[in-house]
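These are the structures in question, set out in turn.
In the two assemblies presented below, chain A is common to both, partnered first by chain B and then by chain C.
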Partner chain A sequence: MSVIYDPVHWTPHKKTYDRLIAAFVFAYLALFCGLQLLLHPQITAETLVIRATGTLAYLMLHIILIIGPLCRLSPRFLPLLYNRRHLGVSMFLIALVHGIFNLVQFHSLGNVDPLLSLFTSNTQFGSLARFPFQSLGFFALVILFLMAATSHDFWLKNLSPPVWKALHMGVYAAYAMLVMHVMLGVVQLEKSPVLIALTGAGMFTVIGIHLAAAIRQSGKDQGSVRKKISGRDMETQQQAADSDQMFSGFVYACEVSDIADNRAKMLTISGEQIALFKYGNKLSAVHNLCKHQNGPLSEGKIIDGCITCPWHGYQYLPENGQSPPPFEEKVCTYDVRVLGTKIYVNPKPYPAGTPRPAALIAE
Partner chain B sequence: MNQDAEFYIGWQTETPPGFARAVRRFIIGLCLLVPVVAALIVVFQSGFSGATFEYGKKTTLEGTFSRSPVPFLSIHSGINAAGKPVLQKILLVGPGKFGFDATAKYKNLQNGALVTLTGFLIYHDGKTGMQVESIENQAITGNQQPITDKQQPVSSPVTLRGEITDPKCLLGVMKPGLGKPHRDCAVRCIAGGIPPVLKVANTAGETEYYLLAGPKGEPINNLLLEYVSDGVQLCGRLDPEGDWPVLYVDPANIRRINKGALNPGNTCN
Partner chain C sequence: METVRFLICVFYCYLLAGVIFAAFFLWRGAAQLDHAAKGISWKTRVFLFPGSAALWPVLLRKWLVKRN
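Coming up: the complex of A and B.
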């Protein structure tokens, strides 16, 4: 979290991860180039650079893509998510070297401008076998550039989280284009079943892990669904003379004992995703999605009196949904009631940052 | 309830041990997997030819220049077993992705001129080319006459199947100098005036390279661009002489075929 523009919010972890990224990049390049020169000494320097950077960037993109769903499967991978941004920017820079070398190698020193050559040398868009695969790489690189250039939280804030998020979902379009770029390009030339299998394995890993995370998430969502009940039903259930007035619009959420101290339970009521927190003898509810990048606040924790998002640590006060000053992020709040050991939540949201009194748990 | 007691916040200095362990395992897994992937990619590539481009190493050759059907320098390269002089044809190309004629000052060079050329040699599979850097006309003296050479097709029509690319890259400027990834580059080279070449492989795994020209020896570069790097079948008359055979073809009769299809033999059909 930051209120001023700061190119990199350095933390000791970030420095360690950056060193790891640099070591990974150099080790891969050394290994790939060393093996190439050993097994294929006839390779040209340009082809060596093109293949080394192309395969490295493609591999890094796979790693980047599996980190998100991996964290949804187990929050223990969250440190990778927190430090993913620099991996993404590094991947873009390596892909850029690949793109520039290709443009120079295949399109420069000719009778037309290299960029014009890129789009006019092959226009057989109607044929899969002859498809101009290099243009796919170009457009993927443009998406990766936009993502790298706007990766800083400064852009997240200025573009607004929904726009920023939509832009960054473009990574999936870029990935799809790059799979085709590889399959219709170098794999078509090489034809080795091993290379086809490797490309397929990468694709299935990315798709498989996303599916597993989606299935897990939908299971959680199902478990969190609460239906509205009428005051009459409630009276029956509670066997108490609570007035319809007092609980009108409220929905039974769970038992007090269902929530660990300083933790939350996720509820889905009428499509509204709500994070219901218990801290001390208090209960408060806020919208489940963090204003930063839609992180699940219900998987967060109360730290120093603040709801702390599990993804990047943005914080909100539970009783008003506001980030503590000087930060300005706000989430919607909800009314919570307790009756005995039972908790009820009204799914009608208050505007983001509206103070709502916490429900008190009877001793 | 089952909620993990450990909680990670990126901006805190301490990483809970469970999280640190998971991340360590992930990184170790990558360290084991990535080298295997890199090795598989390198090992299962089809490899590269021994073609050579002597870029930066200038060579000077004396010989006879001929412009049609493609720019050549014919030189004497020794004596054969029968005691006759052996002729070698050097295919001439310009810098970058340009043909020899793209350099304005070479345009007026006379067919049959005795010249001294300096440039970078490119060679592969018994074929040689040169990226010409400078040229000097020589006076014709009594003991050094121009080499005369017929330039008309001599064979009956033949059908050949192969892949069209540019000879400059194929001879060693780029590796690989053919195939789909090289397609755009070959298109640029051929559009820039480098004569197209048909690479033909026979069942014995031998390859031959045929320079392509129109029926009267005229350049047909722009008519072949859309077929570059595809499998094609061409029918034409062949001048098989020397180290650079030339196929004189009518581009209207070109057919796309599956790459790797066998040659049908010496007939046009």
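Coming up: the complex of A and C.
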């Protein structure tokens, strides 16, 4: 949310996050190298670097992949999400060290171009036991590079959010290649059942947490999809509609007491994801997805009078869906009505940034 | 072997073109493509350099469309 791009838009939270990443990286490297030297006293420095950076980057990739679904399972994990891009770039840099050391140690000592050596020294693509697993690591590293290189907001804006998102979904292709890279590498070079079991456990953890989050989200969506209007609600709505056309097109959302002050409830009505906010004695509804990186606005709160996205702090005014000047992001708005203690929302969106009066809650 | 050699040669040419393009783009083009990139610091340019070198055909097309 910058008028002019900064290299990094620092906040105290981001600094703490980065310090924790650095502490984790150094602690892991120290522990891993210590253990390796203890278990394999003859190990060379190059091999130590390759192993330490490879395992660390692989572990960090698992953490990166499970942060998103963990946040959908519990909002307690949200602080991990706020600066995930720094974790991603750190992971790529560590993976790059791993890749460069591999290229230098195994492919740069002859008179053949290192990349040519990488792709031609082993061409047994038909054999699982001798598959050239290093090439998989190379392609995964290329994807991770593209993601790290386009992590700045400049790219989000200039590639457009859908293209940027699609590019960054490439992490799953990279992960699949890295699972094969590690599995085949372990099978061919280490032959350790413990390492194979650890790799498998990591993969099943990632898949399991993603499945759990998907099931949870699906349940939430069904729960909030057009809450079946009970007989009484239907009657109330019908009476209101009959007596006054103001409720035409509106759908019952929830009770006023269902939403905490300065918080929101996420609604899915006719396929529209809507964040319904309560602040003071007012109610406003905006589209649930932040314009920055599709963060869930309904999981954010009202800070300084603005809806604040929980992911990166992008802000919008609840009554018009516009970011406060000089920022230019806008989200769609919706009409909200209150009848007694019941809230009704019209799922027909207004164009992004259209002012809509807040519904007032009777004292 | 020859096919791989050719593809790697294409890859190196792509990278070289990307590096040259990125230097020029971040000097002149970025601000024309995106007003928020006007007057960005050299640190920001360094951050944008790898992506500009890698995605230079995309940026070149967008830049040309914007100029025309």
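The rule is short, and it goes like this: the second predicted complex is superposed on the first by the 339 of 363 C-alpha atoms of A that agree within 3 Å, B and C clash if a C-alpha of one lies under 4 Å from a C-alpha of the other, contacts with A are read in each partner's own complex, and residues count from 1 in each chain.
In the analysis below, a residue touches a chain if its C-beta (ideal position, glycine included) is under 8 Å from a C-beta of that chain, and two chains touch if they have at least 3 such contacts.
Everything quoted here is computed from the prediction, not taken from an experiment.
Participant: Would you mind checking whether chain B and chain C clash or fit side by side on chain A after the superposition?
Facilitator: Overlaying the two complexes on chain A (C-alpha atoms) leaves chain C and chain B fitting together cleanly.
Participant: Write the angle, vertex at the C-alpha centre of chain A, between the C-alpha centres of chain B and chain C, to the nearest 10 degrees.
Facilitator: Placing chain A at the corner, the angle measures out to 70 degrees.
Participant: Considering only touches as defined above, state whether A:157 meets chain B (first), chain C (second), both or neither.
Facilitator: Touch status of A:157: second partner only.
Participant: Which touches a greater number of chain A residues, chain B or chain C?
Facilitator: Residues of chain A touched, chain B against chain C: more for B.
Participant: After lining up the shared chain so the two structures overlap, which partner does A:93 touch, if you call chain B first and chain C second: first, second, both or neither?
Facilitator: Neither partner.
Participant: Could you look at A:180 and tell me whether it touches chain B, chain C, both or neither (first, second, both, neither)?
Facilitator: Touch partners of A:180: none, neither chain B nor chain C.
Participant: Pick one for A:203: touches chain B only (first), chain C only (second), both, or neither.
Facilitator: neither
Participant: So, A:256: does it touch chain B (first), chain C (second), both, or neither?
Facilitator: Neither: A:256 stays clear of chain B and chain C.
Participant: Report for A:21: first if it touches chain B alone, second if chain C alone, otherwise both or neither.
Facilitator: Touch partners of A:21: none, neither chain B nor chain C.
Participant: With both complexes overlaid on chain A, does A:352 touch chain B (first), chain C (second), both or neither?
Facilitator: In the superposition, A:352 contacts neither chain B nor chain C.
Participant: Once you lay one complex on the other using chain A, what is the shortest C-alpha distance from chain B to chain C, in Å?
Facilitator: 12
Participant: Help me check something: in the complex, which residues belonging to chain B touch chain A?
Facilitator: 1, 3-4, 6-13, 15, 18-23, 26-27, 30, 34-35, 37-51, 95-98, 102, 174-176, 179-185, 187-189, 191-192, 226, 230
Participant: Could you pull out which chain A residues touch chain B in their complex?
Facilitator: 1, 9, 11-13, 20, 24, 28, 31-32, 35-36, 39-40, 42-44, 46-47, 51, 55, 59, 63, 70, 74-80, 82-83, 105-112, 117-118, 121-122, 124, 130, 132-134, 184-186, 188-192, 194-195, 198, 257-260, 263, 300-301, 303, 308, 310, 312-313
Participant: Considering only the defined contacts, which chain A positions touch chain C in the complex?
Facilitator: 2-8, 113, 115-116, 119-120, 145-146, 148-150, 152, 154-155, 157-159
Participant: Contact residues on chain C for chain A in the complex?
Facilitator: Listed in rising order, the residues of chain C that touch chain A are 1, 4-5, 8, 11, 30, 33-34, 36-41, 43-44, 46-48, 50-51, 54-55, 58-59, 62.
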